[in-house]
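Letters are used for the chains, namely A, B, C and D, taken in the order the chains are written, and counting of residues starts over at 1 for each.
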Amino acid sequence: MADNNVLLRVDNLVKHFPIMRGLLQKQVGAVRAVDGVSFELKRGETLGLVGESGCGKSTTGRAVLQLYRPTSGNVHFDGTDLTVIKGEELRAMRRKMQMIFQDPYASLNPRMTVGEIIREPLIVHKVATEAEADERVRQLLELVKLNPSFSTRYPHEFSGGQRQRIGIARALALQPSFIVCDEPISALDVSIQAQVVNLLEELQNEFNLTYLFIAHDLSVVRHISDRVAVMYLGVIVELSTRDELYEHPLHPYSQALLSAVPIPDPVIEKTRQRIILTGDVPSPANPPSGCRFRTRCPIAEAKCAESRPEFREIKPGHFVACFFADRYL
Amino acid sequence: MPDLLLDVKGLETTFKTPDGIVHAVNGVSFGLKEGETLGVVGESGCGKSVTMLSVLGLIPSPPGKVKEGTAHFFGRDLLKMTSAEIRQIRGAQIGMVFQDPMTSLNPVLTIGRQLEEPLVVHLGMTRAQARNRAAELLAMVGIPNAKDRLSDYPHQFSGGMRQRVMISMALACSPQLLIADEPTTALDVTIQAQITDLVKRLRSELGMAIIWITHDLGVVAGFAQRVIVMYGGFIIEDSIVNELYVNPTHPYTIGLLGSLPRVDASGHETLTSIEGSPPLLYEKPTHCPFAPRCKWAMERCWKENPPLETVAPDHRVACWVDVKTGRAR
Amino acid sequence: MTTYIIRRLLWLIPVLLTVSAVTFVVMRSAPGGPWDTDAERRQVDAATAKSLAAYYGLDKPMWRQFYAYVIGDTNSQTKEWVCGVICGNLGPSYRQRGRTVQDILFAPPEGKTFWQSRFGYSIRLGVLALSMAIFIGIPLGIIAALRQNTLVDYTALFIATSGISVPSFVLAIFLIIIFASRLHWIDIVVDDWTQFKYWLMPMAVLGFGTLAFTARLTRSSMLEVMRQDYVRTARAKGLAERVVIFIHMLKNALIPVITILGPALAGLVTGSFIIETMFSFPGMGRAYVQAIGQRDYSMIMGTTLIYAMLVAVANLSVDIIYVFIDPRIRLGE
Amino acid sequence: MRKLFTLLSLFVLASMILSACGPTPAATDAPAQPEQPAATDAPAQPEATEAPAKEAVLRINTGTYPDVIDPQKSSFVNEIGHLDKIYMGLSTLNEKLETVPGAADSWTFNDDATQLVFTLKPGLVYSDGSVLNAKRFEYSFQRNIDPTTAGEYASITDEIVGAPEWRAADTAAEGYDPETFKAALGVKASHADGSACADYEDTACDTLTLNFSKPAPYFATIAGIWVGYPAKEENIAEGGDIWWTSSKYQIGNGPFIWKSVDPFVKSVFVPNPNFAGGSVPTYSMEYSYITDSAVAFEAYLNNEFDIVASVAEDLPVIDADADLTAQHVKYAGSCTIKIQYSLHPTWNGQPNPFTDKKVREAFSLAFDAESWARDVDGSLSLPTWTWIPPGYPGYDAASPLHFDPEAAKAALAAASEPFNSAEKLNAMGLKMAFADSARNRQRHEWIAAQYKEILGVDLALDPVEPTTYTAIQKDPDTYPLLSRGGWCADYADQQNWLSVYWRTGTFSARWGYSNPEFDALVDEADTTVDTAKRNELYAQAQQILLGDIPAAFGYNSLNHYLVKPWVTGYMTTPQDHIFPGDLTPWTISIDTSMIP
């Protein structure tokens, strides 16, 4: 599938965090945070990655960027397998891939001015002289709709939404083609969230950016994504185009997830049938055999415990990992 | 309305901070009927939590101070009670559930111990009686093996389970009123659905009134009978639930609903964001607190703070502008 | 937890080995030896110096000496195998002839109990000072926190600050002048340490800094806990303030305090040189100071090792106690 | 599990009780302790005071607790200060530091002073009443020489025939037999007729013969120092290596009995009714071990001590108080400190100016010891212009040089080329080394300023890390051009001041002093039995030494104590170890009626 338009291809990505125990600190197990994830991202596309906390979506984002080196699997970015390169080569690739973090406050160095924060990647990667960097900082601040004169201020002088804009400006400094947005709006107030979402959309249109948009808020993901992947306990259970997934979810987990999202409309809410899942997400250190979701699945059968359902393309562009997905077709 | 369970009038609360006095609540009045469920919606810092904590005398003082107002509960003013008197009410007639189940339970005391406390204090049970009752309460909120889990510590429970514990604790003495302060904000969406489902069930079983504080207009849509929207320490809109979502009248409420992407909306239109940031409240506003962010703001909005006025049956709004026409009301 | 404790204890081995190696090298690299006298005195003659060196194994290469110290070696004079530190033998003192370091530190004088040994004295003084720090410092911190920004709070803070900033030897001589020279409540020359009253001053001087530190830590920890959500929950349950403070706040507030108590005890036991000297207290610190003055290498080494071990064991104990007071902690997981 | 919290508090409480229960063992101790040697005590009870007066106890602070209290191993004054209370050697010193009979009644040298025969006092017994015969002393000398003892003063008896050989013997060697060496040793106990002694119970065994490999007329003095104290062999055997730590094994023949010891806390000494020298003391003693001088001073003011050493910091308080000034006892100590010139031909690769006697003279004349004592030493030293300190046999105040700035300048001008002016010396860059400390810095800055002012000479100060300083001082190749140093006597004989220190090849080798004339005089004195003639020879030798100006003789150390007025009769000597008059403690009396 040598599609020139594919910017990122993730093949069977695995990231395990070892658990050490005992006298000699032997590895007795692993937190299987990401356990075989595959997807593709086309240029200019936004892939939404949704799931509940602990499902491995953030780890996936970081493993894609090689912030965590994956346990196994490949990440092809722009034709280069990131998992085999290192050092200067990897550093060069990193310029094209950036990340926006959830907590805009924690991710900004409180002792640096906004200008210093934004220009830092320019200087580190030696892509601009001091004078050029100053000009670039001004441009970037304008781009994220902040007053360029703010560059001499410190992060604590800004509100949450403004800080997230600073984070975005920093991510854009090196003119990346790909940005991992890791829960970029979940720490923000409702009225501010929309500002940031709109900004991200505008920037994407202007620079043909490709986003991996990680969030637990399904509404936002539906709004911003072209395609959406649903993760559960380290694996993608369903992946499809946005409207297809939201309107015809085929995996029982996707269905439950979608039905749980409250809709700000009392009329719909009162008549809507909810699927209430029982229990909690099992520990990723000891996931259930077979289908990961079977312990909470309303339609699970014996075979679900025996083997892992294949992640198959049940309809063109609609992938699902469930034995019984055909029932909902 | 003589049959009000809780009648709050003219409540004002301030906080002393190093940067100045924060006017957190600026004359809030609302009533609650027996068995009624009231949603209180607003962004962080709008005064919704402070209002409820003020009513219960749980504002840390100093720096907080309830400056004015009355809060009659069953005809007695909570704000004029001695600390011994209000302790008789707290936990007994008014139960409270807080936002973060991770931090709201004492980490070094067993669940049993924490559950038994209100039973012993308010119902005069012996330790053994309290323990049995505590097990029943845990079972009531759907915790399996309730009896065995009494000797567990909070960290041994998942977030959702802890919030169930909190709810069982708040309901231990069968209160007439449950105040839930963002009880599901910190939880995953499927767990949020479990909790709202649980509270709905308990409401129908126990018949208590509920004040449900949230920033998510979606959560209360299918749940509350009436919703008040707060902004800058004021109530800016107060309406029965259907009316509010169908006919939002205050520009802030409109903005809030518009900035909320809907999971059931297929369209990809730009979200209507509210520009600017919420006010800091270092000065008690003499004008409409929303004026700086309001696209309909008129001269009068900058001069006088609009009072809550009835615009439709069971629907009151504090705004000088009729948004539909863009002219003064 | 057992494996955890074993693992921590095993970790002590490299730690102590490093401590002894460093002490060993530092001491040996200084010119001169325990029998080198001042230039102004009669010199130990070469034959004697040689036989002393042979007896103590100082004629061997450095690595061999270190090996002998840690593992053991055959004494070149007696031809007997002498086991080293691994057998608990800290070696013979170079100055206190005929005595081993462990004997000097741990053996009580004739007819006395272990508690009257050098080590016993220091431990008791340390524990007493710590008790004082706990029983005065913690309540002081609690009261200060509950009465934040009142006169009580400022007084407590003043005590705490002075406790941290006034050097112990100043405090010591100050107390001696007041309570002994002026008020004649106690004697300066103490010849009977079995009387509790004589312990009061060294204990107070030694414990004052820790008391101050404990009070400050308790105060800040209490203030921190007072802001916690679960305290609000406790109040929302309608619990009496007394219950909120003592059941819900105190235990949480004391967790960080308890974590410093182990190191504090080790610090008090090991850090009592000045106080022991000032009050002529017959503890380990005084023996250590004297050993340094006399270049008694094996005494310095041995005492340093004991101190290192104390610190390590104190830290380990705290980690274990921690498990019991804080249910969230699971060791080794 | 929540009970563990309570448990923790209980632990703390328990530990409190634990330490508070200290008195319990004391209670059990109590019956064992009281008045055990009451019987021996009885004769010592003073009868003079009629009223039920206070007990006569001399309470003394001795500072640092001794590391080792073993006659054949100790070397420090605080250690010897304990030993000489418990034991007495064959000879002893009087208040003039003259060697007088101790355990021995008399002694005789042969004509060439290669043999010394002691005759013990008749009926000599230990404090416990057991026999003390010559065999005991024989054992002491053997033990001192025995290489397995490895005492730091072992070499002091090297004049004895066979002693150096035994000391150097390889004890680890295959055929090593101590008995062979013992038999060859020039130490023999015998009956008066020369027949062999039986054992330690043999009361007729009263003669000890010492044979020397070279004439040693001074050895009667050496035989009285601590290495010859008669510790009991069976006690040493029973107590093992640590016998000396227990007062019960320390049975001696000294003026006192070591009744009890609480290490680092207190020692109690009671009079020995069987003491055979001087007279039996009329008081008991308590030694305390407070090392912090400020605390000790407070305790003295508080009447908890009768004698303490005073220190520089106390002087302002003492001087401001008439009573304390009266109680302040000061007299010369056992050390002479000088500024030593290197006399080696070259220094730093160039000719050494101090090889020129006129330069030495200039530097000696320019050193103002009186100002030094007043300004630098806080009046805690005594200026001197001679070598042997006052109070020692051989002290001679006559000296060719006294401080004289004008004469100093003249002397420098009279020096030979190229050392005859300050400018020329300064061009060489003279240096004075010292052990680095704040106090020493101050001292040497003063000295440099003094030479600058009077001679115009610039002395560069060269502070050296103290242990390194000691090391460079011991090596002739690294010996500093100018350095402050001196000598403290081991024993009170001129031989120790002159032969041991200045004779060619002794300590003097370090700085290169050698004068054949001096050597000849001391050699002759060292072999002369006749005391008067010996003294005369040593006096001549000392004058030659002073005339050579090998150093700027500066000052004597000062013994200085605070002594309560009720302590009287003490006879001070520069050799005092712990308190004034402690060589002859029996002369001290305590007027208990004066004690408040």
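The rule is simple: a contact is a pair of C-beta atoms (placed from the backbone, for glycine too) under 8 Å apart; a residue touches a chain by one contact, two chains touch by 3 or more.
Since this is a predicted model, take the numbers as computed values, not measurements.
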| query | Counting C-beta pairs in contact, which comes out ahead: B-C or A-B? | reply | A-B
| Relative to the centroid of every protein C-alpha atom displayed, which chain's own C-alpha centroid is closest? | C
| field | Inter-centroid spacing, subunit D versus subunit A (mean Cα positions, whole Å) | value | 84
| field | subunit B and subunit C, separation of their C-alpha mean positions in angstrom | value | 54
| request: Report, in whole Å, the distance between the mean C-alpha point of subunit A and the mean C-alpha point of subunit B. | output: 32
| Taking each residue of subunit B in turn, which ones touch at least two of the other chains? | 109
| query | What residues of subunit C sit close enough to touch subunit B in their complex? | reply | 226-230, 232-241, 243, 247-248, 251-252, 255, 325-328
| Within the complex, which stretch of subunit B touches subunit A? | 43-44, 158, 160-161, 188-194, 196-197, 215-219, 221-223, 241-242, 245-246, 255-266, 268, 270-275, 277-278
| field | subunit D residues touching subunit C - in the complex, by the definition given at the top | value | 1, 4-5, 8, 12-13, 15-16, 18-20, 22-23, 25-26, 29, 32, 59, 61, 64-65, 67-68, 70, 73, 75, 147-148, 150-156, 158, 164, 167-168, 171-172, 240-246, 248, 261-266, 286, 288-292, 294-295, 298-299, 301-302, 304-305, 335, 467-468, 470-471, 473-474, 485-488, 490, 500, 510
| request: Flag every residue of subunit B that touches subunit C in the complex, lowest number first. | output: 53, 56, 58, 60, 83, 86-92, 95-96, 98-100, 103-109, 117-118, 121-122, 153, 155, 166, 169-170
| task | Within their complex, state which residues of subunit C touch subunit D. | result | 30-32, 35-45, 47-48, 51-52, 54-55, 76-77, 79, 93, 95-99, 103, 109-113, 115-116, 118, 124-125, 127-128, 130-131, 134-135, 173, 176-177, 180-181, 184, 187-196, 199, 251, 258, 277-280, 282, 286-287, 289-290, 293-294, 296, 321, 324-325, 327
